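Two complexes come next, and they have one chain in common, subunit A, joined by subunit B in the first and subunit C in the second.
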Partner chain A sequence: MSKSQFTAIQTNSTARGFCLTSAFWMVIATLAGLTAATELIAPDISGNVSWLVFGRVRPIHVNLVLFGFVTPGLLAAAFYFLPRLLRTELYSEKLGIAAVALWNVAIAAGIIALAAGHSQGREYAELIWPVDVLLVITFALLFWNLIMTVRRRQEPILYVSVWYACAAVILTGVTYCLGNVVWKPDSGALVGIPDAILLWFYGHNIFGLLLTPLSIAVAYYVIPTAIRRPLYSHTLSLIGFWSLLVVYSHIGTHHLLQVPVPTWLKVVAIVDSIAMVIPVMVFLINIWYTAKGSLGEVHADIGAKFVFTGTIMYFVVSIQGSIMALPQVQRVTHFNNWVVGHAHVGVLGFAGMIALGGLYFILPRITGKPLYSRFLADLQYWFVFLGTIGFTTVLTIVGLIQGNAWLNGEMIYRVLPELQIYYIMRAAVGLTVFVSALIGLYNIVRTLYFNPGEAA
Partner chain B sequence: MSLRMTPGAVVIGSLAILAAVVFVVVFWPYASTDYTPSEIYRARSSVEDGGRAIYIANGCVYCHSQSIRAFDWDLGSERIAQAGDYVADRPILLGSERTGVDLSQEGGEHPDDWHLAHFINPRYTRPNSIMPRFAFLGDDKIHLLTRYVQSLGLKQADHRMARQVYWKQEAIKAYEAGPVANVKWLAEHVPPGWRNLANPYPTTAAGLARGHKIYQEFCIGCHGPIGDGMGPAQPYIYPPPLNFTILQGREISGGILYYQIMNGITGTAMPYFKRELESQKIWEVGNYVAVYFINQSDAGAEPKGIPSAWEP
Partner chain C sequence: MYSPYFLTYMLAGFILSVLVFLWALHAGQFRDQKRARFLPLDDGAEGPPVVVSRMNRIQGYVILGLACAGLLAMAITLGYSILTAR
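Moving on, here comes the complex of A and B:
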């Protein structure tokens, strides 16, 4: 059978399901973020409503961004490109749809629980045990679907995107269990310093073994496909893949440099945070050399444009991250909004932009029609792009004010009034990103269901 | 090329790497380090644990760290954190952001009534605060939460709490003996050198304006806009915030005001301000209180030594 025949019989229902999941939760996630940002300006706005209180809204925001918006967005693309790269059908669309449904049930339950005050209280591992179990089952279903598709492939060579997608899903299934201490259902935690070490091993690997490999997988698919050119180097793909797994996975302790954990562990984390330059640059050189001379084609495809911008953000966030792992730098940057700025470049600028790029890249190919509105997609691109720049600039300034003031012996309470104007700007930027999420949801729903466009 | 990737290589290979990593950076530190309790450690009571659960449920950890570093100055910085301080913490609540202050040593920083007013609305005791209101928790949960917060610092907290409880009784006794006795009691506990000290700097319009600003940002929630002690925190605090107008004609020197503001009055809700206000700011807010509310100021009075170089 030829490739085009396969395309014809693919229903892509799993990919569609993840598209909608991602677009929908992006709206709720950014709304939660906007609410939290507003509460830092006008704290009494939460009134006397328990579930609106900052300490509950913030984890809702973070979990929805990670597990509602970004991960499903990246998975949508993965479930689209995997069968194509393997020249076969997805093992089971039914299983895929079941996983999408379970995923949404888990996220909704987790969020309602957080709003009601049920939390494990550990960053990125807040979701309570029943939700953990649902999510782990979902990861297992996803992995089963992917690996069975791989086994049925007609294409003997496994393309690099396939490695990353499979590894991300199985490794996250495992680290999620470990990080949430699923064998301790009542607390989901260890005790004392070992709990901190485990937590940041896990938290760091939500970026390192989930968001980053999935984003890289999407970039490795979208960029060469959009410009119709082969990947620059197979060897670099290999080096990038294995070095990412080895280096990224073991440096979580750079979140704990100022905490009494064993010194050798800090040294390893610092040194290898610098070594992160290797997997990062190897991937970037590979993808940028592939795109070299074809930026016009990248720019012409809104999906590829998002993805390519995401790779630049990856460069920024990683270089910044390596610098932040230096103890002297962290004296200023730790515990304040600098880190929140870094998180937004990483999760919104890099993984989020690539997730959106994946969506916009596959949607026309799934529906066989152009996007409902290329203009709206472009608008969302600019809103997210400027949003990322805005967040980074504002939060970095706030972080420097806080960090330097504290280091000089000024009290947190005294510094609060100086921050307010920046918190206002930050909320304004947040409003932009929220509006972009609304635009995206509208555009994606119209593209999938009410698209008047001519079939291509 | 022999480097062809197979599904087995991807899955088994990456799981093997993960296993090795977990062994070295998670399991090995877990198994090899000796986490004996530190000298401040004691077990928490079940009430304190109940408060801790409320702390977790409401995400206090997103604004408050419990992790003091060698170069910290703010709250809690009297002790650098040690691994042995955390041996009963499941989960550990180090936090990753200090939108608010570190709470490692919060126990006994304030008496319970301060916390009650602060939880009802943080702006009552701290006008510039951006901490959320927790009135929705209701009395019982605020009580549990307060017990947990007052246990932070464990044995060191107990030591401070015992002091708070003792001086609370003394302050209540003095307050209930009437305004004259209370003012006398307050002044008695100021060291004599301070009591006899006049505010060495003269009153200036600029100084009063700065004092006014500081008063608004730090004091107004308790002592009230007109200094009568009827700020919004008043219903929750006992002895209630001092009504400054009763101080007139009672020989309240600039030194007494300075000392009380700097050092606070342990046992009462009156906090110390030596951490957030430098010397000039304390003199100026003290003089603002003296000029506007007590209607009597000794600022710049003789004998005062060689005038300071900046004096007008």
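Moving on, here comes the complex of A and C:
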């Protein structure tokens, strides 16, 4: 198949569907986050409206960010670049569209259920059993589509992005089943300590085996393509892939160092958390050496600019994460807003930035026209960037105040007033990110459907 | 007693990973790595032309500088906080 023929037959319906899904749910996700942040300043603001109380809005925010905004954004890019890297067409665009539809039904159903008070009550695993089943089926459909595309490939070598994308989808499908204890529909949980171990195995792997590999896959595609330079080392990238699989899957127990789980499991979790420096630095050295001398080109392409910033955030969040796994450090940083700040660097600063970068990188390529507004995309970039820095700074300070107060035996009524000003700043930062989501949705919808720009 | 289930899962994951790795080895996925580096550049998907300006380069350095400053600030505050915590 010639290059021009190959390009002509791509409809990219699945990628378009995931683009819209990500842009839409980012608005609702950040609105839920802003609402929750506001309730931390004024707890009575939602009155007696049950579906607006903090305990329901917070899981809505978390699940929508993970499964509504970031994952579909990364999948959009994956469904664009996978057929291209394999020199074939997607196995089935119809199957892809069915998966997009099912994904949105599952997310909408999950959010309605959470708002109505139906939750499994386990962090990151709040979605109820029927929604879990829908999501697992969707992961299966996505994997089938990807793996069949791989089978039909005309390029014998699997580029590293293909490895990462396929692994992310299948591993998360399996981990999701386990973490949500789908064989127990009534509770969605085990009992006692085994449940805590299983939950954090799953909880951390949503980041480690879903968002991280998908983000890395997108970065490995976007950066070389944007600057028109080959990857620094493909061998190094494969070493990073296999070491990530070996190391990342057992670190969840570092969330449970204060809990009576077996000591050997804690040791494994801590050692592997520190060992995460290997796959992280392998990836970063590889991608930064690829971009070396081309920072201007990286920042000239708005998609690559988002992605490159995401890699810097990955550096920050990974170094932070490795250090935070040490028991001595956790004395200060655990059970407080430090961890929330860490999560915001990871999910918004790293995976979210790369998801948005992936979207902005593929949009001109799938529409054949320039973005509706490069200015609006830049504006969104700076809002998200400053939002990430704002969240990190504010939540880190709050976390240190809380951690030290706890260690020093301070009373909660003396500490809470100290935090008020930071919670106000946090809500202000949240407003910035919400506005950026609105800008992004407008720009993406205009680019896809109402773009007056001339075809390239 | 959940250990047998956990161990079974870990073993299954380990065996599957080894099988995929062996397939990759057998299928020549680790050969011709030099050509693999170029795969994203030859995918037939040309984007719009990009115009590089001096401002683009400056932005890159500003972001890198901010990241380094942030990491340094975080390391100092964390170190201070741990050392002073009773």
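Just so it is clear, the second predicted complex is superposed on the first by the 456 of 456 C-alpha atoms of A that agree within 3 Å, B and C clash if a C-alpha of one lies under 4 Å from a C-alpha of the other, contacts with A are read in each partner's own complex, and residues count from 1 in each chain.
In the analysis below, a residue touches a chain if its C-beta (ideal position, glycine included) is under 8 Å from a C-beta of that chain, and two chains touch if they have at least 3 such contacts.
Since the structure is predicted, the reported quantities are computational estimates derived from the model, not experimental observations.
Q: After the match on subunit A, would you call subunit B and subunit C a fit or a clash?
A: clash
Q: For A:R331 in the superposed arrangement: first (subunit B), second (subunit C), both or neither?
A: Touch status of A:R331: both partners.
Q: Is A:S187 touching the first partner subunit B, the second partner subunit C, both, or neither of them?
A: A:S187: touches subunit B, not subunit C.
Q: Looking at A:P224, would you say it contacts subunit B, subunit C, both, or neither? Reply first, second, both or neither.
A: second
Q: Figure out whether A:I157 sits in contact with subunit B (first) or subunit C (second), or with both, or with neither.
A: both
Q: With the two structures laid over each other on chain A, which partner does A:L407 touch: subunit B (first), subunit C (second), both, or neither?
A: In the superposed model, A:L407 contacts both subunit B and subunit C.
Q: Is A:L245 contacted by the first partner subunit B, the second partner subunit C, both or neither?
A: A:L245: touches subunit B and subunit C.
Q: Where does A:Y442 make contact in the superposed view: on subunit B (first), on subunit C (second), on both, or on neither?
A: neither
Q: Would you sort A:W144 into first (subunit B), second (subunit C), both or neither based on which partner it touches?
A: neither
Q: Could you tell me if A:V298 is touching subunit B, subunit C, both of them or neither one (first, second, both, neither)?
A: Touch partner of A:V298: subunit C, not subunit B.
Q: So the two structures are superposed on chain A. Out of 19-27, 73-81, 163-171 or 235-243, which stretch of subunit B collides with subunit C?
A: It is 19-27; the other listed stretches have no clashes.
Q: Overlap of the subunit B and subunit C footprints on subunit A, residue-wise?
A: The answer is residues 157-158, 178, 190, 194, 197-198, 234-235, 238, 242, 245, 249, 331, 407 of subunit A.
Q: Can you tell me which positions in subunit B touch subunit A when the two form their complex?
A: 1, 3-7, 10-11, 13-15, 17-18, 21-22, 24-26, 29-30, 32-33, 35, 55-63, 65, 67, 69, 71-75, 81-83, 86-101, 121-123, 126, 128-137, 217, 275-276
Q: Which of the residues in subunit A come into contact with subunit B in the complex?
A: Touching subunit B from subunit A are residues 39-41, 43-44, 46-50, 53-56, 58-59, 117-123, 147, 150-151, 157-158, 162-163, 166-167, 170-171, 174-175, 178, 187-199, 201, 209, 234-235, 238, 242, 245-246, 249-250, 252-253, 255-256, 258-262, 265, 268, 331, 335-337, 339-340, 402, 406-407, 409-414, 416-417.
Q: List the residues on subunit A that touch subunit C in their complex, please.
A: Spelled out, the residues of subunit A in touch with subunit C are 3-4, 6-7, 81, 84-85, 87, 155-161, 178, 190, 194, 197-198, 220-221, 224-226, 228-235, 238, 242, 245, 249, 295-301, 305, 308-309, 312-313, 315-316, 319-320, 323, 328-329, 331-333, 361, 364-365, 370, 385, 389, 392, 396, 400, 403-404, 407-408, 456.
Q: Can you list the subunit C residues touching subunit A in their complex?
A: So the residues of subunit C in touch with subunit A come to 2, 6, 9, 13, 17, 21, 24, 27-30, 32-48, 50-54, 56-57, 59-61, 63-64, 66-67, 70-71, 74, 77-78, 81-82, 84-86.
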